[in-house]
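For reference, chains read A, B, C and D in written order, and residue numbers begin at 1 within each chain.
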Amino acid sequence: MSIRVAVAGASGYAGGELLRLLLAHPRVEIGALTAGGNVGSRLGEHHPGLTELADRELEETTVETLAGHDVVFLALPHGHSAELSDGLDGTVVIDCGADHRLEDPAAWQRWYGGPHPGSWPYGIPELPGKREELSGARRVAVPGCFPTAVSLAMAPAFSASLVEPEAVVVAATGTSGAGRALKPHLLSAEVMGSASVYGVGGAHRHTPEMIQNLTAVAGEPVRVSFTPVLAPMSRGILATCSSPLLSGVDPRGVREQYLTAYEKEPFVRLLPEGQWPQTSATIGANTLQLQVTVDVDAGRLVAVAAEDNLTKGTAGAAVQCMNLALGMPEETGLPRAGVAP
Amino acid sequence: MSIRVAVAGASGYAGGELLRLLLAHPRVEIGALTAGGNVGSRLGEHHPGLTELADRELEETTVETLAGHDVVFLALPHGHSAELSDGLDGTVVIDCGADHRLEDPAAWQRWYGGPHPGSWPYGIPELPGKREELSGARRVAVPGCFPTAVSLAMAPAFSASLVEPEAVVVAATGTSGAGRALKPHLLSAEVMGSASVYGVGGAHRHTPEMIQNLTAVAGEPVRVSFTPVLAPMSRGILATCSSPLLSGVDPRGVREQYLTAYEKEPFVRLLPEGQWPQTSATIGANTLQLQVTVDVDAGRLVAVAAEDNLTKGTAGAAVQCMNLALGMPEETGLPRAGVAP
Amino acid sequence: MSIRVAVAGASGYAGGELLRLLLAHPRVEIGALTAGGNVGSRLGEHHPGLTELADRELEETTVETLAGHDVVFLALPHGHSAELSDGLDGTVVIDCGADHRLEDPAAWQRWYGGPHPGSWPYGIPELPGKREELSGARRVAVPGCFPTAVSLAMAPAFSASLVEPEAVVVAATGTSGAGRALKPHLLSAEVMGSASVYGVGGAHRHTPEMIQNLTAVAGEPVRVSFTPVLAPMSRGILATCSSPLLSGVDPRGVREQYLTAYEKEPFVRLLPEGQWPQTSATIGANTLQLQVTVDVDAGRLVAVAAEDNLTKGTAGAAVQCMNLALGMPEETGLPRAGVAP
Amino acid sequence: MSIRVAVAGASGYAGGELLRLLLAHPRVEIGALTAGGNVGSRLGEHHPGLTELADRELEETTVETLAGHDVVFLALPHGHSAELSDGLDGTVVIDCGADHRLEDPAAWQRWYGGPHPGSWPYGIPELPGKREELSGARRVAVPGCFPTAVSLAMAPAFSASLVEPEAVVVAATGTSGAGRALKPHLLSAEVMGSASVYGVGGAHRHTPEMIQNLTAVAGEPVRVSFTPVLAPMSRGILATCSSPLLSGVDPRGVREQYLTAYEKEPFVRLLPEGQWPQTSATIGANTLQLQVTVDVDAGRLVAVAAEDNLTKGTAGAAVQCMNLALGMPEETGLPRAGVAP
């Protein structure tokens, strides 16, 4: 029997990627597509590549439109989830926005403001304990694209107590991560041929999410210095993460910890020694690629992760969580091979 | 029962795209992978995105290695097909190289030199008569990436006698079309931020293939002026084609001819009026997108086609032809939705 | 004695390129900088690369602000020139907008609407007769970026009666040509990795300007089919132009005509035989690079020109015209070497 | 009187950028151009943008060819400098290679192998004491492109004792930094749309140079963790650098230290508060742009620098040093405005 899904925010980049993946899912039937400003237009105007759905009309994002589906994906700015999900009692709601990611009300208040919308099962099944929470869940908070890369890159180091409780992260991202809003610094002539930074000095809202995840696996508070870099590419995150190696840790044992952590994970691949991640290998795939080493001179463990911010970083993770929530095999319908070159 | 396939030339770009598509094909089991200079290396060194096949070792390209499969894809430079296919009697051979595309021995001699290797059923099912030839075929010549775009863009105009027997084509291409050879003009620093031309003045080997296809649908010799443009992108062809409108042809009837030609084709999409093709909509998909209009002042019909040179332009067409050759539904395992943005 | 110049529209791309070139001009002193929506902001917010002018405040675009300079450059949307220039009697006004390019009032009415603002000396000194009109001129109409490339690519062919009076032009352009307006199709995620067309079928406003220029050199009406292609790069135009060779014309004489036309031009370079233009060679330079050949099979002369749309295509041409208008050596302060790779 | 200069390694990227800058230098006359594998070819084949020098023939790189010039620039792989410079007694030799950058013979032995070629005055005039050494020097070691960005980004923090003696650096670079060698990972189809890392874990040869520079300003050994990121752009370095803030340091005083360090430097620009560097602002310019802040939560000072790896990172610095060596004003002939967008 097919699963009937709706996508709210279908005209944006996350919405489009959700639809591309759902079209290839063997169990899914695509129901209502809703939008904000684009109500009444055809999906093909916004996503000309989604041939099969090009003539679908975008409806208003309301509880009424979304009700009656088995699963509703929310690909909306934060702040819309509570109101919509309250009215969708019988439905699995998978929120790609930030509303339900942070467990700490104080962190929510500081970074987003207003009352805490409450946290939902957190959609990185590969982190300790998360797969169990997501299995059969009725609500899922899809993580931010940067926290997925950084958490998976550093979790084994913290859970095996290889490093001191701090991390320095510099992560390059494609510009689709900023969404489809019309902002001057996202104009193509500004971006092409140029790299830039933003949110420097601890100002990016994904920072508390990284801290939450790494603190949970470390069992003690972890400090994170995070700098996002805007790179001239449409998709992809390349996160370079490092932490001081704890004195007494044998560098030769580090790889083993990472192998153990991920050897059974279908969507996390530790590369062979000597091979380093490149984002192109992950484009369009629900795959995170990873490598780790120790810089003996600098005394730091360095891990680098690559993923597609729209796929494993957002929409792929959302579908992976849907599979878990509905009790299907976790890999159902999800591509592992990237579109490269 | 699964279909066992081998890919010769697996370390190149066409080989990699074939494997990405074959991994998603519900009936295919991937057998031998062969290469030229990379024998003995792992596939993951060349295609880090092909996670599931990363540990596969590349074998030598010989008849012995390729024999015993149901289908063999050749993704090799021209000149290797005859020798290999002679020894593969019981096997469906699908050649992505140029060897068997040209029907005219004189054209072969002029453009490639040496004795004509003979022509095989030609792999654009959407051209008149081709689908019938490809159904059940044991040998298939996959077309060149440019001729696919240009032939599908202009065939309805010529078959409906809308234009004079000549065409001017300027087609931008991503650099994966040039293959993986180490050439100075393909270095990234040369290509990024720059557009250039090559093969100007009728020097590109895809020209006789366009002439052959358009002449066949026109029923009279068609002259083609073709200029390829190297654009700073990895994948994608955008072909701008125009021909003088025959006097007496009503411009308002042109769109109807194109609609009729392609309304039942799953992999050719005539866009809604006013919407023009962009290559991003076709990346990774076996889809060609198309638009047509008449420039009344200039007296020309102008058609523009977009495709992914590696997918509909090569590997996707090859799989589509395999489906036809083996009597499967033509769309089996082929994505229609592009990976965008 | 220094020349005092003002730039109206300084926060846009053409304005920024003008200022970059003027900073390097040995005779120029930069006076008022004006803008539309950005009045009161610092230039460095819009052009962080213009270090020396970063703290300059943008003033309102009025006759009062612009008066009292020796030269005023207008880098504004069309429609603003008449009102401003009427009040700038004693000043050389160089308009980078479209207002004064078209000589034919009917063409103006059709393509822009409203009353004809009158034509000014047209800023391609390399076209027959133009250098004389520009020398000592008080008003200059800087040409459109596409018409510069196309006119210089084809003028020798038409003036020497080598081809029939028609041309097919397909020109790839970087996205800075579209200016700095916030439009969805110019978002970086849309543009990178993708080629697209726009204004197909004779709809681009630069078409009548090409027709005007080529008709003038041909001495008879020339029909032009023009298709602009948006390429994933910030700067650069690569124009592929072709026309049917007149019967009886010896292809071996074509190159000679082009050599003769441009051998003394400092800013037009006919490349050595066998070398074809690439836009990177012209970035930031007031140079147009050119090659020509004959496609004997197709019966067409094919010429390809590369330029930087912001430099030789706009701001460089404007400075070149200022030099002529003020009686300085034409090359003063203008770079001929492109920034490549 | 003009200065006669020769460039060895003129067909590479650093050689080309040197020539572009030297063409605009008011005092320079360009003499011999030499190359390795490209002897006998014309410069225009390798640098089609260098119009004025296109017909120059490349000579063999020998002492005889280079002798008789006032200044010789070496843009060669390391290992060639000693032999050539030994024979150029009366000439100012400015080496863009690595041979004479490291002062410590043990560091040379570890990172490059073989006997130490000796250190020369080091070409970052903006570092304490260096300008004095470079003034009137007969030999100059041009720094590596990464060390320039990192040293200038962090020197004020170390010299003012704001941070602990360690730094974590992640720097994105355009691919021209890898030179013009034909390597598979530099092919355009591999690079475009993708970010990757290399030399991770302390393996990049620029690391000891950073350590040397920062240790000198800190007055104590500084540990550096350096990770280079290959970004899909031709030029530009964006270096994100951070160090733990020393306890007791007031974050509000940090900016003041940076202002003091660079307020008189023509080629280093500390951006206004709130504005962050982007590489496009520095393309083709001898300018480094810089911003600094403190991440209070993470307890780290974060500085980000942008430069053009070929200009301020190599050839521009070389010309700046030539100016100092010959007693000319340091800014002579050097552009400060970047070519953007």
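Going forward, a residue touches a chain if its C-beta (ideal position, glycine included) is under 8 Å from a C-beta of that chain, and two chains touch if they have at least 3 such contacts.
This one's a predicted model, so the numbers in the text were calculated from it and none came from an experiment.
Participant: Taking each chain's centre as the mean of its CA atoms, which one is most distant from chain B?
Facilitator: It is D whose centre lies farthest from that of chain B.
Participant: Same or different: do the copies chain B and chain C touch each other through matching residue numbers, with over half of them shared?
Facilitator: The interface of chain B with chain C is built from mostly shared positions.
Participant: Could you state the distance in Å from the CA-based centre of chain C to that of chain D?
Facilitator: The separation of the two C-alpha centroids amounts to 35 Å.
Participant: Just curious, how far off is chain D from chain B if you go by their C-alpha centres, in Å?
Facilitator: Chain B and chain D have C-alpha centres separated by 45 Å.
Participant: What are the residues of chain B that contact at least two other chains?
Facilitator: 13, 176, 189-190, 192-193, 232-235, 277-278, 280, 283, 340-341, in rising order.
Participant: Can you name the residues of chain A that touch chain D in the complex?
Facilitator: Interface residues on the chain A side: 166, 168, 170, 172, 189-190, 192-198, 200-202, 207, 223-227, 229, 231-236, 238, 240, 242, 276-280, 283, 291, 293-300, 302, 304, 306, 340-341.
Participant: Which residues of chain B touch chain D once you look at their complex with the stated criterion?
Facilitator: So the residues of chain B touching chain D come out as 13, 174-176, 178, 180, 182-184, 186-193, 232-235.
Participant: If we count contacts the way the header does, which residues on chain B are in touch with chain A in the complex?
Facilitator: Listed in rising order, the residues of chain B that touch chain A are 13, 16, 19-20, 23-24, 42, 44-45, 47-52, 54, 176, 192-193, 234-235, 269, 271-272, 275, 277-278, 280-285, 287, 289, 335-341.
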